[in-house]
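Presented below are the structures under discussion, each in the form of C-alpha cells.
Note that subunit A is present in both complexes that follow, paired respectively with subunit B and with subunit C.
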Partner chain A sequence: MQDLPNIQQTTTDIINSLAYLGSEWIIIVGFLVIILTDLFVEKSKMFVAGLAMLTLLTSGAFLVHDLINFQNSELLFNGMFVFSKSAIQFKLLIVAVSLFSLVFFYQDHRLTKHPKGINDLISIFLASILGMFLLVSSANLLMLFLSIEMISLASYLMVSYNAYQKKEAEAGMKYVLFGAVASAIMLYGISLIYGFTGTINLYGDALIIGLSQIGIGASALAIILVLAGISFKLSAVPFHFWTPDAYQVAPTSVVSFLSAAPKIAVFGFLYYLLPYFQIGDTINQFILFAAATSMILGNIAAVFQDDAKRMMAYSAIGHTGFVLMLFVMPQALILNAVLFYLAIYSIANIGVFMSLSYIENNYAVVNISGFKGLGKNIPAMGVCLVILMVSLTGIPPTAGFIAKFLVFSSLISFNSASIYITFLLVIAVLTTVVSLFYYLKIPLNFFLKKSVGDLPIARNSSVLVALAILLTFLTVLFGVFPSLLNALIG
Partner chain B sequence: MIPLQHFLLIGAVLFSLGLFAVITRKNAIQILMGIELMINASILNMVAFGKYDKIDNTGQIFGLFIIILAAASVAVALVIIMNLYKRTQTIDPNQTKSLRG
Partner chain C sequence: MGLLSVLIFLPLVFGILILAMPKSLNAWFKYISLAVSLVQLAIASYMYYHFKTGDAFAGVNQLSQYQWLENLNWIRLDVGQFGVLQIDYLLGVDGFSIGLIWLSALVMLVATLSSWEIKTNLKGYFALFLLLNTAIVGVFCALDLFLFYIFYELMLLPLYFLIGMWGGVRREYASIKFFLYTLFGSVFMLLVIAGLYLSVIDPVTGNHTFNMVYAMNPANYIDGSIFNSLSNAEIFGFPARTVGFIVVFIAFAIKVPVFPFHTWLPDAHVEAPTPISLILAGILLKVGGYGIIRIAYGIFPEAAMSLSFWMGLLGVISIIYGAMAALAQRDLKRLVAYSSVSHMGFVLLGIASLTSEGLNGAMMQMISHGFLSVMLFFIVGVIYTRVHDRDIYNFRGLANKMPVFTGFVMIAFFASLGLPGFSAFIAEAFTLIGAFSSQTLNGLLPRWMAMFGTLGILLGAGYLLWTLQRMFFGKFRVKKEEWKLALTDVNAREIMVLVPLAAMALVLGIMPSIAFNVMSSSVNQFLLMFK
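The block that comes next holds the complex of A and B.
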C-alpha cells in the first residue's frame, strides 16, 4: 500500500488547531443543545431564548479574548482556516448584529405567532452565524463554497419560515432558485481556478502565478464566475433581483438580520481575498462596474417605492455599492473604513427595521403613504426614525456622515490619477443626494401630513421602542465622538 | 485514455445546457434540474483536473463535498416549492406574478 507521507504532521496540525476555535465551538454546542431542547422539552421558548443569548455572549467573549491576545495571523487546519486580527474584528461585528437580531426575533409578531413556535428559527439562525464565522476565516476555496452554502441554506429557510400566503411562498421560491443558480455558477468558476492553478488555497504564490500564466481571458472568466456567486450574497447589481421581493415579504426581523450580518461576513472574506485576486485589472473592473451600477440602480429605484421594506431593500443595494467602492484599493488601506461603515450601516439599518416592525405590529401599515400623521401618536419612534434616516443619508451630526466621510477621504487620498475612481466618486456623491429624496419621505409622511382617519394609541412592543432609542443614541454618539467606535473596533 | 480536453468540453456543454434550461423552462422542478446539470459540470471539471493532482486528491474530495451539498440544497428547494404549490396550485415562476421582481 502506498504510504501517506504527511499523515503524522497533518494530524498534529489539526489537533493543535482545535484550540483556536473557541467561539466556533461555543456556537456549535449551542446549536445542538437548542435542537435537542426543542425536540424533548415542552414550553421551552424562554429557555431557548436565554440559551441562544448565552451562546452569542460567550462566543463574543472568546472573540474579545482572542482579539486582545493575538496579533499575528496564523493558518490552521492545514491551510483551510485563517486566524487573523481582521477576521476577529469582522466576527465581533457579526456577533453584535446577531445579538440585536435575536432580541428582535422575539418582538416580531409574525414569528412569535407561528404555530410551530420560534425555536426552529433560532437554531437555523445560529447555524447561519457559524457559516458566517467560517466564511470570514476561510483561506481555501472549499471552505468558501461550504460556508457560502451554509449561509444560503439557512437564509432560504429563514425567509420562507412562515410563508403561509401566496406572496411569501413565491418570494421564497424565487430566492431559492436564484441562490442555487448563483452558487452553481460560483462552483464552475472554482473548478476552473482549480484547473488553471492546481490549487484551491488562497494564500501562497501558486494561485497568483497560475492565474497570471494562464492568460488574461481565462483567468478573468474564472474570477468573474467566482465573484458572481459572492455578489449574489452581497445583493450587488447583476445579482440583486431577489432582494426587493425577499425583503418585502419576509418577516421584518429576519430581513434586518439578513440585510446586515451576511454582508459583513462576505465583505470580511472579500477583504481577505483581495490581494490574491488583484492580478491584472479584472477584479477592479468588476468591482468598479458592480459598485457604480449598484449605487445608481439602488438609489434611483428606491425613490419610486411605496412599500417601506421594499424601499429599504433598494437602499441596501445602494449601500452595498458604496462599500464595494472601497475594494478597488489595496488591502492595507481599507480595513478601518470598511469596518466603520459596516458598523454604522448595520446600527442604522436594524434601528429602521425595528421601527417599521413596531408600526407593523401596532397599526398593520407597511406602505409609506400609510404613515401619514403617525408621528403624533408615536413621537418617540418618529424622532428615532428621522435620526436614523438622516444617518443613512449621511448628514452630520450623525455617524452616517462620519462613515461616508471616511470612505470618501480614503478614496480621494488614494486617487492615483485614475479617471475611473474619480468617476466613481462623482456617482457616489450624486446618488447620496438622490437618497435624500426617499429617506426623508418617511419623516415627511410622519410629521407633516395629516392622517386620514383616527389612529389608535400604540400599546405593545415597548422593548422595540427601547432598542430603537438605544440604536439612535448610538448613531448620534458615534457621530459626535467617532473615536469611541474606532477604539471599540480597533 | 481520454484526453483532458474532452472532459472540459463536455463540462462546458453541460454547464451551458443547464443555464439554458434555467432561463427557458417554465417549471420550478425543471429549473432545479437545470441547476443540477450546472453543478454536475463543475463536478466533472473537478474530477478531470484532479487527475493531475495525485498527492492531495483535492479534485476528488471537492467533488464529494459538492455532491453532498447539492443534495442538501435540492432538499431545501423542493420543500419551498412544495409549499408554494400547496398555496397556489402552480409552480410556474412566470404565473406567480403577485410580486414585481
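The block that comes next holds the complex of A and C.
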C-alpha cells in the first residue's frame, strides 16, 4: 500500500507546478480576453485577430524559452502533467501550424462571411490548442481523456461552424456521434486498466507491472480499447469513417488546421505513451495493423475521389499510416523522424489546402475535374500545387522525400530481418506509387487538360497566394537543406 | 565550383532566368536554351579531350582515380539514435560516364534545335527542358547514391509535363504510365539505398555513407549489416544481396527498358513531342544501362554473377522480341521505339557476359544507339511535322520528292542495322563476341545466346529495309493530295542536326578507338571486381 500524499504536499506541488505552464497560461488568458472582447466590443474582428496572433506568438516564445532552458523532464500537478523536451517540441510544432491556420481562417470566405462573425471560431480555436497542449503533456489516463475530449468538442464546433445545410449538418453529426462512441470506448479501456492495475498514472512501474500480471487477453483488450480512442483522433483505419465527410463539408481552413494540429498532438502523446504500453506484442500488432490498413485503404480510396478535400482526407489517412509505422519501434529511436515527418507533412498539407481555398474563393470549384485548364490562369498557384503534391508523394528534391527516407532508413536500421517490418516497407512503397496517381490528378487537370470555357481572372485572397508560395519555398528549401529544419525543431 | 557543377547547374540557372523573364520575350527562350546547350557541349568536349586515360585513371571502385572530382559536405542530419545522416555532394567522372556525358550534351543540343517545332507555352517548355537537362547530366556525374537518386527522380517530373502538355493525342495516359512505371522501380530501389547506407561506412570518417564507390568495396561493410556479404542476411527467405541486386536491376531495367518492363516505352515515345522522344531514346535509356553497370553490377558483383544467365536471357529476349514487335508496326515512330528495345537488349547481353569485349561493346552500343536513335526519331519528326501522320502505308516513293532526306534516312537505317563502317556494327559485333566467348572465359552465358542475338541483327535488317522499301522507294504516292505540297525536303536547320549525328556514327564506326580509349581501362578495372 503506497502512502497517500497529504493535502499540504499536494497543494505545494500544485503551486510549484503553476510556474511551469507559461505557454498554457497565455493561451487561457487569450481565450478569455477574446470571449469578453467579442461580447462587449463591436467590430472587433481585426482586434481579435491581432490578439489571437499575439497569444500564439507569446505562447511560442515561452515554449522556445523552455526548450532552451530545460533539459530534464519533470512531473507536475501530482503526476498529471509531464514537462519534457519532446513535449515542448511537439507543442512548438502545434503553435507553428496554428499560426499559419490563424491567418488562413481570415482568408476563408466561408468563415469571414459567417453572419455571426469569426470571433467565436477563434476562441474555440484557442481552446482546442490548449487541449492539444494538455494532451501532449498528459501523464495520466484521466488527463488523456479530458484533453482528447477538449480537442474533440472544439473540433466538432469548428467543423460544423457553418452547417446550415443538411449535408453539412449530417457530416458534423457523424463526426460527433463517432467521436462520442470513440470516447466512450476509450473511457471503458481506461476503466479496465484502472481496474486491472489500480492506477491511471502512466509513469512509474505500477501500470506496466499490473498489465503484465493480468494475462495477455485482458491487458490486450484494455490497451486496444484505449488505442481505439486515440486512433479515432488520428483517423487511422478502422476508425477513419468520419474523416472524408468531415473534410469535405468543413470550411477549408478548418480542415487544414484539423488535419495537422490534433494529429501532431496525438502523435506527441502516443510517443509518450509508447514505453508504458509496449508490454507484450499487443500495441505493436495493433499499430502494425492500423498502419498497414491505413496506408492501403487511404491511398487506394483517394484514387477514386473527385472532391479535392475528400481526396486530401484519404491522403491524410494514408499519411497517418505512414507515421504510425514508426511507432512499432522503441520510443528512443523515433523522435526525430516523427517530428520531421509531421513538420513536413503539415507544411505541404496546409499549403495544399490554402491553394484549394484560393481556387474555391475565386472559381467556386471544389472538384478536381473542375480544375481543368486553371494552370493557364493561375500558373503560380499551379506550380505551388505541383511541388506540394510532389512533396506529399515523397519525390526529390522536396522535403517530403527526405521525410520519407528518414522513416524508411529508421525502420530498416531498427530491424531489417523482421518479416513484419519488411512487409510494412513493401506496403509503404507500393502505396507511395499509388499515391502518385491521385496526387498528380491535380497537376493533370491544371496543366494537361484544356479548360472548357473562358475563366475569369483571379482577384481574391492574394494573401493565400503569398502564403502558399512561402510554404512551397519551405518545402523545397528543407528538401535541399534538411539540416535547417532539424535545427529548428531540435 | 568545379567544371562538373557548372555543367550540371548551368541549365538550371538559365531555366530560372527564363521563368523570370516576361512572356513578351518568348522568341528568345529557344536561343537561350541553344546557347546553354552549346556551352555545355563545349565544356563536355573539353573534358573529353582532356580526359586522362590509363590504369591510373580507371575510376570505378577507386575514388582517387576519378577525374574532376568534387566533394562537399552537403547534408549532416542528426537523426538521434542512428547517428548523423551523412550525404555528400560528390561528383566525378570515369571511363563509364565521360562518354555518356558528352553524348548527353550532344543530344540536348539536337533536342534544343528540334524544339523549334514547339509553338505553345514556350516559357514553361524551355524551363522544364532545362530542368531536365540539369537532372540528366547530374545523374551521370553523381557518385553519392543519395545525390544520384535525387537527380534520377528529378528527371521524372519535367518529363511528365513535357510529354503530358506538349505530347500527342494519348499524352495523359502515356505520361502517367511512364511516371508510375519508373517510380515503381525507383521507390523500391530507395529501400535498397537506405539498406546500403546503413551497411557501408566511410573508411576515412567512420560515418555511414552513401558513397557508391565505397559501397563497391566489401571491406567497407559493417560486420553483420544487412548487405554485408558475410552476414548472410535474408529478406523474405532469400539472400539479402541477391534481393538487393534484383530490386536495383528491375529499377534500371524499367528504364532501359528490358522485356518485360518495356511496355511504357512505345506509349511514351509515340506520344512525346519529337525533342522529348530524342531525349528519351538518346539519353534516358542509357541512364538505365549506366545504372545497371555502376550500381547493380558494381555494388552487388557476386549476386550479379550468379544471376548472369538470367540477365543474358532477358537481353536476348529483348533483342528478339523488340525486333519482332518492330516488324509488326504500322506507325513509324512505334517501329523506331521497338527497335530501341531490341538495340538496348545488346547492352544487357554485353554486360551479362562480363567479358572485356562484351562490356566495351555494351558501352559502345549505348553511345552508338544514342546517336542513331536520335537520328531515327528526328527522321520520324521530319515527316510528322510536315503532314502530322506517321503511318508507314500512307507514304510511298518519298525518295523522288525528298532526295536529300532519303539520303539521311538511308544512312540512319543502314547504320542502325549494323552495316560495317558504322558505330552500331562495332558495338554489336563486340557484344556478340563477348557473349560468345563467355562460355569459355567465365562460363556465364551459353553460346546459343550469342547466336540468337545475331538473329536480332537479321531481324533488324528486315524491319529497317522493308520500311525503307515501303516508304521511300517506288512511285511517289501519299494518302492525301495536300501532303504533296507539304512534303518538302529537309531545310538547313534539319540538315544541321542530321549531319553531325550521321558523322558521329560514321566516325565511331571507322575509328572506334576514340570511344574505346577512354573506357577500356575502366572496363578492365570493373572486371577485376568479378574475379
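One rule holds for everything that comes next: the second predicted complex is superposed on the first by the 484 of 490 C-alpha atoms of A that agree within 3 Å, B and C clash if a C-alpha of one lies under 4 Å from a C-alpha of the other, contacts with A are read in each partner's own complex, and residues count from 1 in each chain.
The rule we apply is simple: a contact is a pair of C-beta atoms (placed from the backbone, for glycine too) under 8 Å apart; a residue touches a chain by one contact, two chains touch by 3 or more.
Every value quoted in this text rests on a predicted model; they were computed, and no experiment measured them.
Visitor: Is A:483 in contact with subunit B, with subunit C, with both, or with neither (first, second, both, neither)?
Guide: A:483: touches subunit C, not subunit B.
Visitor: Now for A:258: first (subunit B), second (subunit C), both, or neither, which partner does it touch?
Guide: A:258: touches no partner chain.
Visitor: Which holds for A:129: it touches subunit B only (first), subunit C only (second), both, or neither?
Guide: Touch status of A:129: no partner.
Visitor: Is A:408 touching the first partner subunit B, the second partner subunit C, both, or neither of them?
Guide: Touch status of A:408: second partner only.
Visitor: Contacts for A:181 in the overlay, against subunit B (first) and subunit C (second): which applies, first, second, both or neither?
Guide: Only subunit B; A:181 stays clear of subunit C.
Visitor: Where does A:144 make contact in the superposed view: on subunit B (first), on subunit C (second), on both, or on neither?
Guide: In the superposition, A:144 touches no partner, neither subunit B nor subunit C.
Visitor: So which positions on subunit A get touched by both subunit B and subunit C?
Guide: Touching subunit B and subunit C on subunit A: no residues.
Visitor: Using the touch definition from the top, list the residues of subunit A that touch subunit B in their complex.
Guide: The touching residues are 142, 145-146, 149, 152-153, 156-157, 160, 163-167, 169-174, 176-177, 180-181, 183-185, 187-188, 190-192, 194-195, 198-200, 241-242, 244-245, 248-249.
Visitor: Can you tell me which positions in subunit A touch subunit C when the two form their complex?
Guide: Contacts found on subunit A: 332-337, 379, 386, 390, 395-397, 401-402, 404-406, 408-410, 412-413, 416-417, 419, 422, 425, 429, 432-433, 436-437, 440, 443-444, 447-449, 481-483, 486, 490.
Visitor: Any idea which subunit C residues touch subunit A in the complex?
Guide: Where subunit C meets subunit A, its residues are 75-82, 85, 124, 149-150, 153-154, 156-157, 160-161, 164-165, 171-172, 175-176, 179-180, 183-184, 187-188, 190-191, 194-195, 197-198, 226, 233-236, 240.
Visitor: How about subunit B: which of its residues touch subunit A in the complex?
Guide: Checking each residue of subunit B against subunit A gives 8, 11, 15, 18-19, 22, 28, 31-32, 35, 38-39, 41-43, 45-46, 48-49, 52-53, 58-59, 61-62, 65-66, 69, 72-73, 76-77, 80-81, 83-84, 86-88, 91, 93, 96, 98-101.
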